[in-house]
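By letter and in written order, the chains are A, B, C, D and E; residue numbering begins at 1 in each of them.
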Amino acid sequence: KDLTITVWAGGSNDSDVYRLDAIEMAADMLTREYAINGEELNITVEKKRDFADWAAFKQAVTLAAEAGDAPNIVVTSHLDIAPWSQAGLIVPVEDYVDMDAWPLNNIYENLIEITSYNGVVYGLPQDAESRPFFFWKDTMKKLGYSDAEIDALPAKVESGEYTLANVLEDAKKAVDMELVEEGYGFYPRVSNGPDYAQFYQSFGGEMLDKETGKLLLDKQAMTDFYQFFVDAVEAKVTRKNHIGTEWDQWYAEVASGKAAMWHGGTWHYARYTGKEGLDDFFGNIQFTLIPAGNENGRANTITHPLAYLLTAQDNEDDVEIAAQLIKIASEPRINTLHAIKSAHLGIAKEQSNIELYANDRWAAEATERLLGQANAQPNHTGYGQFSQIMFKGLETAWTGTRTPAEAVAEVEAEMKATLGDEVIVR
Amino acid sequence: MTSSNFRSWPLFLVLGVISMPLVIMYVYLFVDTVTDTTAGSLIPDRFTLHHWRFLWEEPETGRVSIWTVTLNTFIFAICTTLINVSASVTAGYALSRLNMPFKRFFLGGILTLHAFPTITLIISIFLILQMIGLYNTLIGVILVKTALELPFGIWIMKGFFDNVPWEIEMAGLQDGASRFTVWWKLVLPQVQPGVAALAVFVFLSAWSEFILPQVLAPSGSAQVLSTYLSNLIFDDIKPDFNMFKSVGVFYALPVIVVYLIFNKQLMNIYGGGTKG
Amino acid sequence: MRRAHLLGLGFLSPALAIILMLFLIPVLLTVMFSFTNMSTATGISGGAYEINAASLRKLSDAGAQESFVETLGKEAFVVDDAGITAAAAAYGEQFANEVGSQMLGERFDSRRDLERAFRKLKSRPRSTRDIKKAADLFKRSVLNVRFETAGGLLDAVTGNGIEMTPDQQELLTKTIYTGWTWTSDNFALMAQIPYVWRVAGNTLMYVVLTLAASVGLGLFLAITTFYLPSGTATTFRAIWFFPRILPNVIFVLMWKWLAWDTGFLSSLLGNFGVPPRNWMLDTGANAWVFIVLINGIVGASLGMILFGSAIKSIPQSMLHASEVDGASRWQQIRYIILPQLRWPIMFICAYSTLSLLTSFEYILLSTDGGPGGATEVWSLMAFHTALDNYAGNLQYGLGAAMALMLVIVGILASLVYLRIFNFNDLVAKPRIEQ
Amino acid sequence: MRISIENFTKSFGDTTVIEDMSLEIGDGEMLALLGPSGCGKSTTLFAICGIHRMNAGRLLFGDADVTEVSSQKRNVGVVFQNYALYPHMNVYENIAFPLKVRKESRAEVDRKVQEIADLVHIGELLQRRPVQLSGGQQQRVALARALIRKPDILLLDEPLANLDAKLRLEMRSEIRRIQLATGITAVLVTHDQVEAMSMCDRIAIMDKGRIVQLSTPKDMYENPSSAFVAGFLGNPPIAFLEGTVADGGFRLANSRVTLPVPSGIELPGDGAPIRFGVRPEFFQPGNPLKVSGKVSFVEIQGREELYDVTLENGAVLRSIQAQSAGFRLGEDVSWGIAQDKVLAFGPDGNRL
Amino acid sequence: MRISIENFTKSFGDTTVIEDMSLEIGDGEMLALLGPSGCGKSTTLFAICGIHRMNAGRLLFGDADVTEVSSQKRNVGVVFQNYALYPHMNVYENIAFPLKVRKESRAEVDRKVQEIADLVHIGELLQRRPVQLSGGQQQRVALARALIRKPDILLLDEPLANLDAKLRLEMRSEIRRIQLATGITAVLVTHDQVEAMSMCDRIAIMDKGRIVQLSTPKDMYENPSSAFVAGFLGNPPIAFLEGTVADGGFRLANSRVTLPVPSGIELPGDGAPIRFGVRPEFFQPGNPLKVSGKVSFVEIQGREELYDVTLENGAVLRSIQAQSAGFRLGEDVSWGIAQDKVLAFGPDGNRL
C-alpha cells in the first residue's frame, strides 16, 4: 500500500528539523512493523516548514483544511486545539491510538492534559519548554549575593521568599550602582508571548476559571501586573521603549551580561551558548521560576508545548496511519533527538534515563526545576483574543499612554465586548 | 532639458545629500552579503561567499530549492504580466473606443474597485478558488493577482488608447480592415510604449507579491521567491542575517535588471490614464 | 443589441470575467462575512453539532435547565444486549460472548475504561483501532460526537432515551451549533472598543502624512532630476526607484539596520556620545517618522516616475519661453511646471489615498503597529483581526466588517475623485459610429 | 462613380450639424467642399465614407444605395489631414495594407505597390518609416495608400493643411495630376480657397451645414452668389465698401462720394444699405473710376506688391500690382476701380 | 538695439550645426532668416536669446557683450512657432507673466497689459484660456507676451507656420505693423519666402549653417547670388533650363535651340554647362524671345492662371498670367522669355 503523509510544522527553524524528521523515522519503523505482519506499506513523508511566521502557518493550515487539502499531520501550538477542534479541522488522537500503551503512557500527564480539550485527547505533545527567569550571576555577586545565596535562589523563588518586589529592588540597585546601564536592570521579552501571562499569574491572576471553564479577568492581578512594569520603567530599570527591540540585539545583550535580570525561554540556552558564544552558561547565569509578585500569587512558569495534531481526512485509514506515526515519533529516544538538538524539554519520563538527555545538564536541570511547576495557557477558543487584549493593555501602560487602572478598564471593556459571556471579570 | 540657463551642480549636491542614506543602505546591504562583520562594528572584516550558499547547497529538511522557487517566480510574474496586459489591452480599448452599453458604469466601477482592501478579500477569494478548483495552484494565484491589478491596468491602457489619433483607425476601416484587424494591427502598435510601461509595472508588482502565494498556494510546488525569503524565519538559535540579505539581493536582482533596461519605457507611463 | 455593442462587450469580457470572478464576487462575499461571527473555530464552509464540555457550558448560559444539561453531559458506556449483538456482527460471536458473559450490565464513565476492560479479554480484536470501534458500539451518550445535521443529533439524543421538549430541542441545536451565524454585532463591537477610535485617528494621520511626504518628495525628485543631465538623472532615479522594487522585507530590513540600537545611526552617533537607542521604536513620534519615511519613499518612487514623465511631456518651447520671459528656476517651477502637473498630482493623490488606506505591509514589517499601538492603522488592525492571531482563532467576520468600513470610505473617496476628474470627460463618445 | 447625397441630415446628440443637404458629384469629377471651420465639411466626408451614420437621407454610389453599407465595403479611399499613416509600418507596408487585409498574393501586392509608388513619385522611399519622410512625401504615401485598391471614390480631408507653403504648391498639382490620371471621383475638403479653385472642377461652398453655392471655380470667382462667397474666394481677399443707394448710385458711408453702379444690377430703393465688393486686381492706377486715399500698407511679395488704400471715410480698398510700381507708405493716391467688375450685395449679403 | 553675431559656432555633440557665422542686424531693423529645414535658423535664434550657449564666437547687443549673459537677463522677447502659451494661465496672466516674475506692482502690470493687448487687438480676450482662442488670436497673445517688457530685441521663430492661409496673410501685416510701431529690432525665422519678403527689411538666406546671401527682398529677388537663392524666392517658383555655352549663347540640353545671353553676363568657355533661370512672370505670350512647347499643366488660382509649358527637350517653363488667358491643357504654344530678366548660373550654382 502506497501513501503520502504530509507534515507541516509551524514556527520551526533549522534546529527543529526533528519535528519533521521524526515522522520520517516513524514511517520507517512502521513500514518494518507492517512488513513483519506481511503487509506492504510505502509511506512517503512530505515535509514542510517554510512559513513566514505563525500567522502564515495558521492561515495556510486552516484554509487548506477548509479546502479539504489539509496536511495529515501538523505540528503547532496546543492553543490551536480549541478552535480547530470546534471547526472540525482536527480529530481526537485518542480515537486512533492506545493511550495506555507505550510510549504514550510514559508522557507526562500534565502535558497530555495540555493537549486535551473538553476531556478528549486531541494531540500528542511534541516538545515541552518553559519560560524561566534569568539572573546574571556576576551582577548578583556585585550586588552582594554570595555564591551560596545565588545557588539557593531557585528554591527561594519557588517558596515565595524572593519576589518581583525583590527583583525591582535588586535591579534598581544594579542600575544605581552602575553595574548595568539604565533600562538594563530588568530586561524582559521584547514581544508578546505566553511569557507575560506568567507575570499575571505571579500576581494571582488565573486565566481560566476551573469551575465554569470560562476565561477569567482578575482586575486586581492585572492592575498589579501592569503596575509592576510601570514601576520598573519609573525606576529606570526597564526601558519605556523596550517592546519592539530587535531580538538579535536582545540575545547578544543578555548573553553578555548587559542586563542584570531577564526572562526568556528554555530554548534560549542554545542561542546563548551557540551563536552568542557564552561558553560557561552555568557559571554565569542562574535560572528560576518567575518569582511571585505578591502574596496573592505564586512563583510559576508557563510551558507552551507544540503538539502533533491529526487533521480530519476523507480517508480514515490515512488518519490511522498518521496516528501511528505520531505515536512512534513520541518514542523517548526519537523525541530526545529533537529536545537536545533544539534545546527543548522532553515529553516523557523515561527520557531522563536516556543518556543523550540525562547527560545534557541543561535539559536535566531545567526539566527538574521548571517542568514540574509549569502550567499552560488554557485551551479556549477565546484565549487568542484574551491574550492579545491583555498584551495591548500592558503595552499602553508600559509606554505610558494609559495608567495601569485605565489600561485595565480598557481591557475590561474590550474583553467584555469581544468575549461576551466567555469571560468572567473579577 | 537643453537650456543652458540653469546650473545643475546645486541640484546635484542637494540630491546627493538626501540620497546618501539610501545609498549607504544599499551599499551595506550588498557588502553584508559578501562579508562578515563583527557585531557593533561598521567595517566588514573579511570577504566570504558563505552567505550565498543557498545557491549551491541542497535545501534543508522542509525547504524548497531556491532554483525551483526562482523558476516559479518567473512563471508567476510573466504569466501575470501576460494575462494582465492582454486583458487590460482589450478592456482598455473597449472602454476607450468602442460603442457599448453601460460604458459609464464599467468605467466608474473599475475605478472604484481600486479602492478595495484586497488583503481582506483573501478569505472570500479562497472560497472562490476552492470552488473552481484552483486553490493551491500557481495558476490560481496568477489569476487572483491579475484580477486585483486589472483595474489599474485597464485604467492606464484606456488612457493610452485615448491618445491614439482616431484618423489611424478611420484610415484602417477605409482600407477595408475589420474593427478587430484595425485594433490588432494598427492601434495596438501605437500604444506599445504604454503596453511596455504597464508590463513593467505589473511585472514588478507581481515579482514582489507575497501574501497571495503564501496564503492561496501554500504547498511547496507553488512557492515563489517572496515567500521563500520571508520563510527564512529568523532562526533564533543561529540566525544568518547576511544570508537573508543575500537571498533578498538575489531576489531583487532580476527586477533591478528589468528596471535598468526598461526605465525609459517606464517614464512613458504618463499619457496613460494618469492624464487629466 | 447592435453588432458594435457586441464587439465592445466582447473586448471587455476577458477582463470582466476575471474581475467578476476573483474580485467582485469576493467583495460581495466579504460584505456578507461582515454580518457573521465567522472565525477559525466556526469554520468557513459550515458547522456541525457537537455536545461537549464547552457547548454544554454555553447551553447552561443560554438558560437550559441544569438537569437537562447534566443528562446530556453524561458520558456513558453500557454493556447491554444491543451492544453485544452489534459486537457479534462486527467482531465475532466469541468476543461478543466473552463480553456478554463477563461484563453484561456494567457501566463505564469513559471509553478508556471500557477499552481497558476489553483488553483483558482473550478474544478481543487485536488492533487498537478495532477495540476502540468495538467500545463505541456500547456508547450510550452523545457526548463528544460530531453530527453533521441537527436531525442526526436529535435522533441520537432521543435514541439514548433523553426526552426533549420542542423548546429544548431548539435551544439545543441553536447553542451547540459549531458553525457561524448571522449577526450585526461586529459593527456594534467596533464602536465599543476604545482602541478602534485611536486606530481610526492613526489611519487618518498615516494617510495624510504619507501622502504629503510621497507627493512632496516625488515632486522634488521629478523636478530636480528633470534639470539634471540625463545620465545623472537616470542614476538618481534608479536610487529612488529601487525602494519600490526591492522586496518589502529587505527594504524594511535596511531601515531597521539603520535605526537599530546596534545599527548605523546609533553607531555613528555613538562617536558623539549619544547613547544608542532604537531610533525607530524609541517613541511614538519616532515610529511615525519612520513609517512616513518608509512608505513615503516607496510612494515617491511612483510619483517620481509619473511626475517625471509628465514634466517630460511639457513642450520644451514653453520652458524656453519662460526663461526668455525672465523666470528664474524657482519661478519656472512655481509658475510653469507645477501648474501643469495638476492632473498627475491629483491622480497620484487619488490613487495613493486609496492604496494607503488599504496598505499595511511596510508598517507590519517595521513597527507592527507599535510602540504601544501608536502606529496601528485600520487595515493592519483588520489584518491582525482576520488573519493574525497568536492562538489561532482568526476572526474572519470581525475582520471583514473592519474591511467593509475601509471599502465604504474607499468608495466615498473614489466618488469624490470621480467628480474632480470630471468623469463625463473620460467617457468620450466614439467617433466611429459602426 | 457618381455620388448622390440626398436629403442628408446629421446630428450629434441634440445639435444638428448638417440639415437636409443634397449634393450630386459627377463621375470623374473633383469637387471641393470649401467653407469655414466647423461648417460640416468633415462630417459630410465621414458620411460618404461610412465612418458616421446618416441620421436621415440616402447616399448613392452610382445607382447603388450604400447608406447602410459599412466603411469596409464601400471601396472609398480617404486621405486625412494629418495623413494618418501607420507609424509602425514602413512606406511599403503602409501602402500595401489595404491589399494585405484583402489577402492578395505577395506578388500581386508587390506589383501594385510599385506601380502606385511610381505614380506618386515615391518609388525610392518604400523602406522608410513615416517619421523619416518630409511632409510632402508623407502626403504622397497617404495618397498612394488611398489609391492602391482602386477605390471608386477618393476623399481628401484638408490634405494640404499641414504642409508648408512651397510643398503645398507642389502637392496641389500633384494631387490633381493623379486624380486626372486615374479618373477617379474625388471630394476635396479644404478651407483654403486657392486650393479649392486650383484643384477642382467644381466647388461647393458650405456654411453652417448648408451648401450656399455650387459652381465652377471661375464662375464662382466671377459670380459669387453672396458676400460670404465673394469674401471667401480671392487672394488677396476682396475689399468691401459700405454704403447706401442714393440717386441710383452707390453713396459711400460717411462720405459724399457717390459711385456709379455697374449695369445689370438691380438696386433696391434709395437709402437702402448695400455693399460694394472690389477685388484687388480691379483697383488699379490705370482704371478710370478714380477714388482717392492714402496708402496705408505696403507689402512686397516678390513679383507683386500689395497696397492698402484708406479712403477718406476710413474704408480700405486693396490693390495688387506688378512689382516695381513703387508706391510708398503714406503716399496720397488716386486709383481707379474697374467699374464693370464691381460686385454689389444687398443688406442680407446676397448678390444684387 | 543693434545685434552683432561674430564668428558664431555651434555644435551638438559631434555635429557642427553652425560654423563661424557672422551677422549684423541694425537697430530697428527687421531681418528674416530664411532657409530650408534644418539649416540652423532656430539654432541661431536660440543663441541670440541665450537658450543655447555658443561654442565659439561673440554676441553683442549694442556695444554690450552678452555672450555669457543668461536668457533671463538679456531682455529679448521671443515668439515661438507653436506660440508656447502657458495653457494653465488665461490671456491676461500669459501676457503679464514676464512682469510678474519681475514682481512689478499690480497696477503697473494692469496698465501695461491693457496697453499691449490693445496694441495687438486682443483687449477683449484677456479672460480666456489659450485653448479658447483661434490660432491667430493665440499668435497675438504670444506676441504681446514677448513685447510687454519692452524687449530690446524681438525674435520670431516661424510665427506663422501653424496658421491657415487666410490668417497667415492677416498676421503678416499685423506683426510688421507692430514692429514698425515699436521700432524694435526683430529677427524673423521662416522658411516661407513670401513671409520673409513681405515682412522684412533684409533677408539672410541660410543653407547648411552658413549665410549664403544677405540683402533686401527686392534686391535678393532680382539679383540672387546663386541658383539656390533664386529657387528659394518667388511664387510660383523660378523654372530652370539646363544647357551649355555654345557660340556665346545658351544651348538647351538635348535640343538644338540656342538662346541669346543677356548682356552683362560673363560666360565661361564653350561647352561649359550652365543654367538659365526664368521666373514665371517673365515667360509670357507677349515677350519677343519665343520658345515653343506644349501646355502640360493648368491651374486656375482665381485672378491668375498658372501654366507649365513643357519644351521639346522635356524641360519645363512656368508662366503666370492674368485670369482669362484661357489656354488649355495640351495646347501648343510659343511664348516669349523676357531676355533681360533671365538669370544665368554657373555649374557650381553661383550667379554668372
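The rule is short, and it goes like this: a contact is a pair of C-beta atoms (placed from the backbone, for glycine too) under 8 Å apart; a residue touches a chain by one contact, two chains touch by 3 or more.
No experiment lies behind these values; they were computed from the predicted model shown.
Trainee: Using the touch definition up top, find the fewest steps from chain A to chain E.
Mentor: 2
Trainee: Which other chains touch chain C while also touching chain E?
Mentor: B, D
Trainee: Relative to the centroid of every protein C-alpha atom displayed, which chain's own C-alpha centroid is closest?
Mentor: Going by the distance between chain centres and the overall C-alpha centre, it is B.
Trainee: Determine which of the two chain pairs, A-C or B-E, is joined by the larger number of C-beta pairs in contact.
Mentor: A-C
Trainee: Would you mind pulling out the distance in Å between where the CA atoms of chain B average out and where those of chain C do?
Mentor: The answer is 22 Å.
Trainee: Taking the mean of the CA coordinates per chain, how far is chain A from chain D in Å?
Mentor: 92
Trainee: Measuring centre to centre with CA averages, how many angstrom lie between chain C and chain D?
Mentor: Their C-alpha centroids are separated by 69 Å.
Trainee: Which residues of chain B are in contact with two or more other chains?
Mentor: Counting only residues that touch two or more other chains, chain B contributes 2-3, 5, 39, 123, 126, 170, 173, 215, 230, 241.
Trainee: Please output the residue numbers of chain D that touch at least 2 other chains, ranges allowed.
Mentor: Touching at least two other chains: 50-51, 71.
Trainee: Give me the residues of chain C that touch two or more other chains.
Mentor: Where chain C meets two or more other chains at a single residue, that happens at 44-45, 262, 320, 323, 342, 387, 431-434.
Trainee: Chain pairs in touch?
Mentor: A-B, A-C, B-C, B-D, B-E, C-D, C-E, D-E
Trainee: In their complex, what parts of chain B are in touch with chain C?
Mentor: 1-3, 5-6, 8, 11-12, 14-15, 19, 21-26, 28-29, 39-42, 83, 86-88, 90-91, 93-101, 103-104, 106-108, 110-129, 132, 143-144, 146-148, 150-151, 154, 162, 166, 169-170, 173, 179-180, 183, 204, 207-208, 210-211, 215, 225-226, 229-230, 241, 244-245, 248-249, 251-252, 255-256, 259-260, 263, 266-271, 273-276
Trainee: Residues of chain D touching chain B in their complex?
Mentor: Against chain B, chain D makes touches at 46, 49-51, 71-73, 75-78, 80-82, 84, 86-88, 97-98, 101-102, 145-146, 149.
Trainee: With touch defined as at the start, can you tell me which chain E residues reach chain B in the complex?
Mentor: Listed in rising order, the residues of chain E that touch chain B are 50-53, 70-72.
Trainee: Mind listing the chain E positions that touch chain D in their complex?
Mentor: 37, 161, 164-166, 169, 172-173, 176-177, 191-195, 197-199, 217-218, 221, 233-237, 279-281, 297, 299-303, 306, 308, 320, 322-323
Trainee: Report the residues of chain B in contact with chain A in the complex, numbered from low to high.
Mentor: 39, 60-64, 123, 126, 130, 135-136, 214-216, 218-220, 223, 227-228, 230-231, 233-239, 241
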